[in-house]
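Below are two complexes that have chain A in common, paired first with chain B and then with chain C.
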Partner chain A sequence: MKFIKENGPHIKNSDTTSKIMTRFLISLIPIVCFVIFKNTVLVYFFTSETLISVLHPIFMIIVGVLTSFISELLWFKLVNKTNIKTSFLELYRSFSIIPGLLLALVLPINTPLWIVAFGAFCGTIIGKMLYGGFGQNIFNPALIGYLFISVSYNALLGSPLNAYELDTLAGATPLTNLTSLNYFGTYDSIVGSYGTLLNFFSGTIPGTLGEVSKLLILIAFIYLVITKTIKWRIPTTYVTTVFVVTWIIGNSLGLGIWYPLFHILSGGLLFGAVFMATDPVTSPLTPIGQVLHGISLGLLTVVIRFLTPYPEGVMTSILFMNMLVPLFDKIGVRLRYNIKRIYIPILIYLVITILLIINIISNINNNKTNGIDDVGNKVKIIEIKKDGNKKIYNVTSKGWGTIKAEVEVVDKEIKSIIVTDKKDETQWNELEKVDYIYKVITNQKDINKLDAVSGSTFSSEAIKNIIKKVLSEELK
Partner chain B sequence: MKKIFSYLFKENPVFVLVLGLCSVLAVTTTFERSYMMGVVVLVILVLSNLIVSLIRKIVSEEIRIPVYIIIISTLVTITELILNKYSKPLYDAFGIYLPLIVVNCVVLGRALSYASKNKVLDSIKDGFKSGLGYLVAISIIGLLRELLGNGTITIMNDISGITGYKEILHIFNNVVIPNKLFLTSGGAFILLGIVIGIINGRRSEV
Partner chain C sequence: MIRGLKLEGKKEMSLSEEIIDFSSPSRVCVPLMNNNTSCECLVKKGKKVRKGTIIGIRKNMDFPILSPVSGTVIGIDKCLYLNGEEVDCVVIENDKKENVIKKTLVKDITKYTKDEFVELLRKCAVTGMGGSDFPTFFKYKSDASFLIVNAVECEPYLTADMMLVKLKAEVILESIDAIRKINNIKKCFIAFKENNEIVRNAFLEYIGNYENIILSPVKNIYPMGWERHLVKSVLNLEYDRYPSEVGVIVNNVSTIFAIYKALKFQRNITKRIVTITGEGFTEPINVLVKVGTDMSSIIKKIGKYRGDKLKFIAGGPMMGTALPTDHVVVSNNLGAVTIISDTLDEINECMGCSRCIKVCPAKLCPALIMKNINNVDELKKLHPELCVECGLCSYVCPSKLGLRDSVINAKKKVK
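Coming up: the complex of A and B.
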């Protein structure tokens, strides 16, 4: 380390990391209160759930906070071998409970508690302490925890609907609904089943714990910006980019202004932009770097939402862009003293955006024209055996490879599916874990509303296609 | 005993020199494949060190690397053909990583830095030492990855055609432990990093 000795009055800011952490926590309090209101109070009064089961979201938050706190304490105690007093002082300075809290807020409501603990532990130890503790980590610890959970136990994450929503709403989160509609539909089909856009804004839609109430997130954002806790450029450019790109896409497909608003208000976009992309350690320091960071985040989120099977792209894009933070800072420093060359990044981003928009629009149009024939191409009926009023269909369906199955039909209703060949399906055990075939058979009447098993989307789509094909064959 | 320990952990090509990671990350999904890969590399390392050391006075400085590459790739091709003949499942499981032993830094590194300057017996000894270090390292990674990622330990399955003995231990089968993360290459990297960290920490203590 180099010490510089200089004369002159140095003005010192009284901000410390512990003060920043306190302000961060204050801004999260209303969101936690809303979680408790929406998932505990409402559910308790409007359904017949027991008290213990409605308290689950509170337990999730407590477990996340405690796990990340205790694992960091243990690290200080066992590895750094500091005494208890210095450890607590260190913990007070190092944002120790934030990873667990944020992690609990981005998980769906029915997540088992031990998964929350696992994620908070991995996030704190692997995402933060192994890199050298607070200030040295290159990835956001909460997102590392989320990554570990989603890679390891994706099938166990559980649905994001609480018991009250299960009664009133059918289907999945707005974004999964959008993905299953191939990103195109009317206001009624995309927004209508969840109320109006005002419901999206106030937070009475299904989603992960903390992400739903956009109003409270906006209030928290204003509070954090006024107190200079977070960098305002990243969230604003991030959200603006997503808005502009989806607005152009929606406009050229003939959809109104509600389409970009839907994209901003659904999913974890605002939550991620305000609380995760602005993490003081893992975001650029230079103003131009922050703007570029925000734009790249927006573009990557749009790519993941529209061009991959994953409905939500916020966490992945933040995690990915964490890697490029040094690069953005380097560009920011260079451009600061040579502002004329700003046209280079502008040009590059413009070209990328235009190509991306053209690609997405042509993709959506393709899906629109041959969406229905798709099932017919992927599923082939080899033979039909009749046995009294029982019919057995011998079908093949295209997943990763080819699935062969025997489907038993009685009175235009599917009784059983026996999969005879599944050797190309590498993620088949994900389906078996959740007993997917049983779910498919029980939900055969409205198969489109059933979610694919995340982690094994192709195989579950293949099974769903079999049902669609056989039922349409029966109804002929 | 202490000498062996220092061979294995103080001069280990994988854990200390961080060489030959390609196969360590790619083929270690089961314990059996890991140790078989280690054995194959060990055999090739010993043989290549032997041959290189034998011809060290004939080969001039300028054409060293092409000659050594040819020697090593000949040995690798022979091994490949033998495996293809006698143990097809293992050959299929290794795939491209078997021919890639040619460019394994451990093999070429030992040939260039040791065998080309030293006597035959010393070279064989050196090759055996490095190969054993590689074998131990890759076995540890493979054992941990299979145990955590799949909940089993495959002691002998792919090569049971030769030995006539088959044994797969099923250790864990609950919701926590078959953790897919460790079967991906990312998980292998994290695991390798943690093991290297622990060994480096212990090394400075010893």
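Coming up: the complex of A and C.
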């Protein structure tokens, strides 16, 4: 009798790659359900939107999934020249729908469908297939798609508010709001306009499709850890780092425990930490490498949130840290056999963290004390023309670039603003949509209470600063 | 921390009250192998031999290979050895008279000096019967303070050691006691899996009569029977290369039984218990066979193969070698043959789940070793030479990759 000769071991664990990926998809089902509930069911019953328009988020998910599926199928067919049957088998084994699904979940609700398709296509082809397919890619494919969208069509991304939120909430996402407040404010100004932190936890705040319900993300995390599907060290160290750093910052500014909680509960932090930073292919293998990866992600996210004009930092951090994965693994391997040297990375990270915190706190304090000078620096009066009791101010103001405008003042009151140069303001259309300039003029007496337009914070602030500057000039 | 994984035992299928005696084959083929080293043949065709006659020798260690039967040498032939290779074997026609060179019966087996004991182990060709086949006398050359008797048998399916303990617990304890007194060992430990009631009860019956022999239950994980794990678990000691560095000797329980034969009768072990088991065999059982027996002849007498795409494994399913045929000869270190179906794996790319790294008892990074298999400089930093070939990395891999093969390959590359 002949027997099969094969190298051992001759028994294997019953878990397979497909089972792992299936569990990953299962954990996303409640989140997709919540997207539909929040943005379709709720909006349909509480606003006068048409059925077609409330179905948009569902279409986004379907388009994302289908595009990544089809683009991978085409790749197999046209580039690898496999026949249809093997192509489908390959597709099943490479879990082609995941990048498209994740991409749709990190986009704001009003994103046009063709942009979703464009992102999913770029993510799948450039982020995954060009590297050689599943298991070979360096970057998270969904985030490559996100990168392509934000580089090419950031202006068209659309507002993250659904129709129901547009009726009830003013302005932007919590993080955009925080950025426009210069990272400092009271509980009411930072959290209050969206309800309480409980709203943040349950997900009834504006944000991208999938990121809002922290409760469901937490449940998914627990499920994925219990079933040993993801590397738990990365999300836990990531979120802990953000929590600790923002807690120290908040504490030294005299803000309560709600401040760090606000930071971990807003934006895509939890979603990114659980579903994207843990992507097995693009995260470190060694336990120490995973911890370093998580801490680095946390620090970079804090840097982006506090020290750059970008309100969110999760996706960029994960994409950037993907590049450093081999380095983290190298350190992880060295320390695995020589654990005594662990003090080196601990020291380095400690120094970086302390410097970062000092920098951020002094930055916020500067903004607090120099609030008015800040406006003075950003807005320049070029010339003042007098015409009877009418004065024309020729000003420049810093937004994304430099805005030039002519402001007409009669009797210490602004009558009109004519913007003569706005070529650097990529998201100007958002302002036009809501007729922001008109709003600014009518609210000039109480300009600080007017919110910025979401998705176009910097242009909005630039216009507001013009008002502040001109009025303070008039009052002199 | 002791790393490992709880595996499904599947031991009950081959457990029984008795073992079947097949120890008088008409001829035997004794492999001229010791610890994977070929040995020189010392007999010619037609020579009459008795039990204990030297038929081969391992030159570099002056270590003999002894005949397990009495009869006539027919010749030298190539036979399938448990490592999957065809090796030279001395074929002896068994006259079934069981004549020995010299009949001895030692009354008090504790009355040896240490030097006599070491020489006796060498003369009687006692080797590690747990699988290594390493000459045991070597371990007793240096002084030791502790002896750990390995009755863990952590491989799934295997029950040969368990059956031996069940039937010979009293003799094993006597042997341990003698070894302890001869070698001035402070304490002896018998390590067994904490959930193994058969071994515990078998020893508990007699252990009251002996001082300084301690039953030491260990965790039910694989590979708990690895020396390093045992020393760490029982004595909480760690060592660099060999347990002797910290004054510890680790012996398999069947080796202890072989030592008893040497002490009591001053001759070699000629038989051993072999487990024939697995879902691919109708009558899983333990048998008593002569060293040199062709396993296929015994399997034919007991039962049939069932199922298709079967694997015939010399040893357990984790560390054993799949053989092309069932004509494997019994050697000292063959504890079992396992017949199971192929796992029919769906092989995928490495997804980086890091399970192999988490589970590796030697703290290796198998996935990284596989990725860097062509980069020798990088491989050296990953220390593949520490691998014990337990196979857990391949076992846990969800992509069903041959990680152990990669690591073994890497081991050769860094040498």
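In this section, the second predicted complex is superposed on the first by the 377 of 476 C-alpha atoms of A that agree within 3 Å, B and C clash if a C-alpha of one lies under 4 Å from a C-alpha of the other, contacts with A are read in each partner's own complex, and residues count from 1 in each chain.
To be clear about the criterion, contacts are C-beta pairs under 8 Å (C-beta built on N, C-alpha and C of every residue); 3 or more make two chains touch, one makes a residue touch a chain.
Values in this document were obtained by computation on a predicted structure and should not be read as measured data.
K.L.:
Now for A:Val244: first (chain B), second (chain C), both, or neither, which partner does it touch?
P.N.:
A:Val244 sits against neither chain B nor chain C.
K.L.:
For A:Pro280, decide between first (touching chain B), second (touching chain C), both and neither.
P.N.:
second
K.L.:
For A:Val151, using the defined touch cut-off, is the partner it touches chain B, chain C, both, or neither? Pick first, second, both or neither.
P.N.:
first
K.L.:
In the superposed model, which partner reaches more residues of chain A, chain B or chain C?
P.N.:
C
K.L.:
Using the touch definition from the top, say if A:Gly8 reaches chain B (first), chain C (second), both or neither.
P.N.:
In the superposition, A:Gly8 touches chain C alone.
K.L.:
Determine, under the contact definition given at the top, whether A:Asp329 touches first (chain B), second (chain C), both, or neither.
P.N.:
After superposing on A, A:Asp329 lies in contact with chain C but is clear of chain B.
K.L.:
Residue overlap on chain A between the chain B contact set and the chain C contact set?
P.N.:
Residues common to the chain A contacts of chain C and of chain B do not exist here, since the sets are disjoint.
K.L.:
Can you list the residues on chain A that touch chain C in the complex?
P.N.:
1-13, 15-20, 93, 133-136, 228, 231, 280-287, 290, 329, 333-334, 336-337
K.L.:
What residues of chain A sit close enough to touch chain B in their complex?
P.N.:
The touching residues are 114, 118, 126, 130, 148, 151-153, 156.
K.L.:
Could you pull out which chain C residues touch chain A in their complex?
P.N.:
Within the complex, chain C contacts chain A at residues 7, 84, 156, 305, 309-313, 317-326, 338, 340, 342-343, 345-346, 348-355, 357-358, 363, 365, 367-368, 381-383, 391-392, 394-400, 402, 404-405.
K.L.:
Mind pulling up the chain B residues that touch chain A in the complex?
P.N.:
175-176, 179-181, 184, 186-187, 190, 193-194, 197
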